[in-house]
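Reading through the structure tokens given below for one structure.
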Amino acid sequence: MIIQMGIEATERDVLNVIEKAESKGLKTSKIIGQNIIVIALIGDTSKVSDEDFAEMKYVDRVTRIQEPYKKANRKSHPENTIIDINGIKIGGEDFVIMAGPCSVETPEQITEVARAIKKSGAQILRGGAFKPRTSPYSFQGLEAQGLDLLNIAKKETGLPIVSELMAIDQIPLFLDKVDIIQVGARNMQNFALLKELGKIDKPILLKRGMSATIEEFIMSAEYIMAGGNNKVILCERGIRTFETYTRNTLDLSVVPAIKELTHLPIIIDPSHATGKWWMVESLSKAAVAVGADGLMVEVHNCPEKALSDGPQSLKPEKFDKLVKELRKFTNIVGKKL
Amino acid sequence: MIIQMGIEATERDVLNVIEKAESKGLKTSKIIGQNIIVIALIGDTSKVSDEDFAEMKYVDRVTRIQEPYKKANRKSHPENTIIDINGIKIGGEDFVIMAGPCSVETPEQITEVARAIKKSGAQILRGGAFKPRTSPYSFQGLEAQGLDLLNIAKKETGLPIVSELMAIDQIPLFLDKVDIIQVGARNMQNFALLKELGKIDKPILLKRGMSATIEEFIMSAEYIMAGGNNKVILCERGIRTFETYTRNTLDLSVVPAIKELTHLPIIIDPSHATGKWWMVESLSKAAVAVGADGLMVEVHNCPEKALSDGPQSLKPEKFDKLVKELRKFTNIVGKKL
Amino acid sequence: MIIQMGIEATERDVLNVIEKAESKGLKTSKIIGQNIIVIALIGDTSKVSDEDFAEMKYVDRVTRIQEPYKKANRKSHPENTIIDINGIKIGGEDFVIMAGPCSVETPEQITEVARAIKKSGAQILRGGAFKPRTSPYSFQGLEAQGLDLLNIAKKETGLPIVSELMAIDQIPLFLDKVDIIQVGARNMQNFALLKELGKIDKPILLKRGMSATIEEFIMSAEYIMAGGNNKVILCERGIRTFETYTRNTLDLSVVPAIKELTHLPIIIDPSHATGKWWMVESLSKAAVAVGADGLMVEVHNCPEKALSDGPQSLKPEKFDKLVKELRKFTNIVGKKL
Amino acid sequence: MIIQMGIEATERDVLNVIEKAESKGLKTSKIIGQNIIVIALIGDTSKVSDEDFAEMKYVDRVTRIQEPYKKANRKSHPENTIIDINGIKIGGEDFVIMAGPCSVETPEQITEVARAIKKSGAQILRGGAFKPRTSPYSFQGLEAQGLDLLNIAKKETGLPIVSELMAIDQIPLFLDKVDIIQVGARNMQNFALLKELGKIDKPILLKRGMSATIEEFIMSAEYIMAGGNNKVILCERGIRTFETYTRNTLDLSVVPAIKELTHLPIIIDPSHATGKWWMVESLSKAAVAVGADGLMVEVHNCPEKALSDGPQSLKPEKFDKLVKELRKFTNIVGKKL
């Protein structure tokens, strides 16, 4: 960690920084320049918060050399984390496709979609029961009943379930009824929720916030892992930019970044990223090529009647064609699909 | 509401849209163009979700004429909402300053700051007890004990308290111990939380999310109001842009926009917006001039020893000078300070 | 085109809009709603500027149905534009790699790199002679002499040349010395320059501006094409967002968008987009998979001594490995490399 | 300047950095940490480009302590630069309002507007002759003839003229016909143009690019000043963000930043920033309060018939009221209007 102080800093101010560093078991080295004093902290700074130094007197800038995350850091855990869901290896040899409708609607709908996506090759069923909607007047999902419908489809097809949780008090319900708990983009920095999810033993699919930096994204995973739950799957779903043609801007460079910085699996959600079903195929291929561990794709058996998010959902036939196309690419990168 | 459909739409598809609109009590009018069919929905569309039409077959675009919010809308409530806290009129004749440290630390600190800001003219004491921190390893606040310390300072000075709540299960505690409940930027779209806050009778200070549009910001207020709690104070605290010199980019144009679109009070937080204490004065003056109803300002009695957020906190003497300067501007705009 | 007017509009205001539309050979249809008047313009609106209507009295919003570009529009030219450079078909059957150093430095450097990239399979040599640098005190390129060095390398290897032009008065020089003229991101809306480039007969590589929307990007191509030069190759090089880990955010969704909306070729520059050489390989694979027509990649024979942009340049051996890897992907998508 | 190198760096690599620094007359100091080598460069680094070090082998990061600009830097020129146009002191005691139509249209229009704004108190006449338009099919301005019309209005009223130049070959024309040359946002990094403007003796109004950081904005001023022309007036006109309610997002925090970092005058353009005439008044007041040196405001004698940019133009009566209101604020801040 490198601490820059202004030239106005007194010897006492500098000593304060040094003493604080030493109290944390770090060594220090000091350089006095023309307009600046630089103090380098040497040792394991991963347990030290840069905010703790940034707020000290005459500290102008704190630059981390070591990353601020420890458990998610690839340096502390060089091999990939592989999360096993009923034999499916997320982050391992499988290219994992989580597919299904944005919202669970009826037993027929969800069972039909589940059968179709299973036949095509998807390994996990997604479906929204609790829906984060911008308007309080929009359809908010079937809630607990939606999870029951997902379980009917699971019984029928054997597909594990991923679904979004929106509040701490839903955790017992989700522990019981889903195989992967999804944290939506809007809750990526709901730290109270992340802390509680750190205490349970269930894989978490953590979506990147709309304007979260890569470091903040990893720090949110670190919140969960700090509590003891290491089963975190990251999901890029597009960030908010000035571009309005697509709903969000899919940032695929996050995949090599996450693979370099962490040992966690990362999947891509091209449906929410673009908001356009006809962009899903080409961006899904790109996701395989760039090194992602899987996809989350919206599939609907009747897009024109969907209760939510029709324009970005694929019909089952289109999804079937998509998986066939993707196999050409997963073959090259050496992933099983 | 204007619905554009592609020329591929069959007569049946068009009829589906018309029937849905009529089932909601709306009249419709249709234009058939060269490459487009346009259906205008006429009547009160405020209870209709555009998402409901957007997902229908061959619907290309849905354009709202009426705003998607009803209770927050100035059209439905032309006079300003004034929230009275112990005689202080937020949104009314007062220019309200909420001041205090980022984090509550000790009884001495918070009482000393409270005395100082009261003397200078601030009307409300702010202080963080539960802190949203990017890192799980950073100081997370004194939590419940922090609220107790705020109440010691309140007893001493009479200043009402605003503090940030982070989870639903903290609501009873906050109902008991604070005068205004703050919802932080990261929770602006924590819809489960907003719904619960709609059920209580306590003013809510809602901060704008880091990448929330003005419409989304208002919709989050609408979530609270839809539940029956109309006491919502909006707070602009900077949005996330590419600029890195300031922590965020303060968007002051939100003030005339909110005043035009809603009847709710709006205040400005220049401390978090800029992250630089020396920018607070000039942007606070701008906030008065642009028509804001108040400010939230960080004040610390010893910035260099603060447990969090030092570089953006004013010392009490600087704050005192700030209020004196602001009075020149509040005089012109006709607000009491 | 759909024109929404406020209910305050008089009959005269509405008539003004209708007369203007009719004067341009369009038919109109009018709907009067509760709070709105909607006028739909029917006919070929591609020559009509929406700005012309937007500025009329009580016009609230103008929504285009037809795109504002005509010559670049795929609807007016359904087949792909293929630009032939010495037998290389950009936008056609070839996957085209433009490689070389950020800056041309010495005859040895550029010739050595040219030989290396040719051997690996690149078809076009890139190299900066006139350099856009943020600081006036940074190295500005060898300028005209740089173009001469590129031509030495061209003579040696037969590789055509692409290089960036920065001002109108350089056009004669570039007409003489390069095969493709590059317009940099910072000049994407230098309309005076675009107009002049519309008058010449030389392919233009147009880079997307740092904060240009897809529509603005296409409109800049339209500026060139409106002048008569249809040989425009688009290049995505990352957009500016809040993310700072990568230099820019590569927006690969622009590829399916451009392919849907226009008939122009589009290539990807992963070197400038990420600023990190170790991200180039995975994003290059993604570029093939997503359907791009080619790449622009920085290659340097001695990255540690480069006069500019070292950290994002590949060494020739890494580039060689990259092309071998990419061939697996170009085979699948049916492109020649 | 602080240079961080990876631990893989050999002694030779470190020496290379040190030798390069010493060759530029700087002293160096080295710290070797656990995973890092830090070299601090001590001395006057303002003539050294960080890009020059960033590209060296195993250099991970270069952090500037000194700013990269010298002539614009307040440290090298503590007192404010005051630009005198016919006795109007921009950056000095005057609060300067540049007003007029977006486009010059007819002799009557421009003369009438000029008379009106002069009467209200504006000191400078603005009007677009060469117009940067997104579409090649939109009205491009009256060009040279527009400058002549401006001069008719100048003769009539005595108001100096500011107008936008778009290309190098227009410089002689503008030298002859305008008092301040405006460089538009889209040309802020047209470095070829900036270099030419550095060679002339005429004030330049430099608008901030749509996605330019504050440092890039100052560096573009530095380009002009490096050539010898120190008469640069900066203009904030809104930056591009995700918000779509306003055309751009006005960043008023740029004013205290520019005042801290440079000695140059800065003015605000609320008309282009918001795109909404009804927001101009409140943001203009905020501009005075925040410390800006002036405004650029669109005024049109008949907004509903303007050839361009109607919805953001004020009518003369509204402008007159605006100036009256602003005087209350300029009185407080001690500026003459």
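As written, the chains take the letters A, B, C and D, and residue 1 is the first residue of each chain.
One rule holds in what follows: contacts are C-beta pairs under 8 Å (C-beta built on N, C-alpha and C of every residue); 3 or more make two chains touch, one makes a residue touch a chain.
Quick caveat: nothing in here was measured; it's all calculated off a predicted structure.
The interface at B-D recurs elsewhere; of A-B, A-D or A-C, the pair that shares more than half of its residue-numbered contact pairs is A-C.
For the pairs C-D and B-C, the larger set of C-beta contacts lies at C-D. Averaged Cα coordinates give chain B a centre that lies 40 Å from the centre of chain C. Centroids of chain C and chain D (each the mean of its C-alpha atoms) stand 27 Å apart.
Chain B has residues 211, 240-242, 244 in contact with two or more other chains. For chain B in complex with chain A, the residues that touch the partner chain are 13, 47, 49, 51-52, 54-58, 68-69, 132-139, 166-169, 186-187, 189-193, 195, 210-211, 216, 219, 222-223, 226-227, 240, 303-311. Across the interface of their complex, chain D is touched by residues 211, 213-215, 239, 241-246, 249-253, 255-257, 260, 273-274, 278-279, 282-283, 285-291, 328-329, 332 of chain B. Contact residues on chain B toward chain C in their complex (touch as defined above): 2, 4, 29, 31, 33-36, 38, 40-44, 61, 63, 65-66, 211, 240-242, 244.
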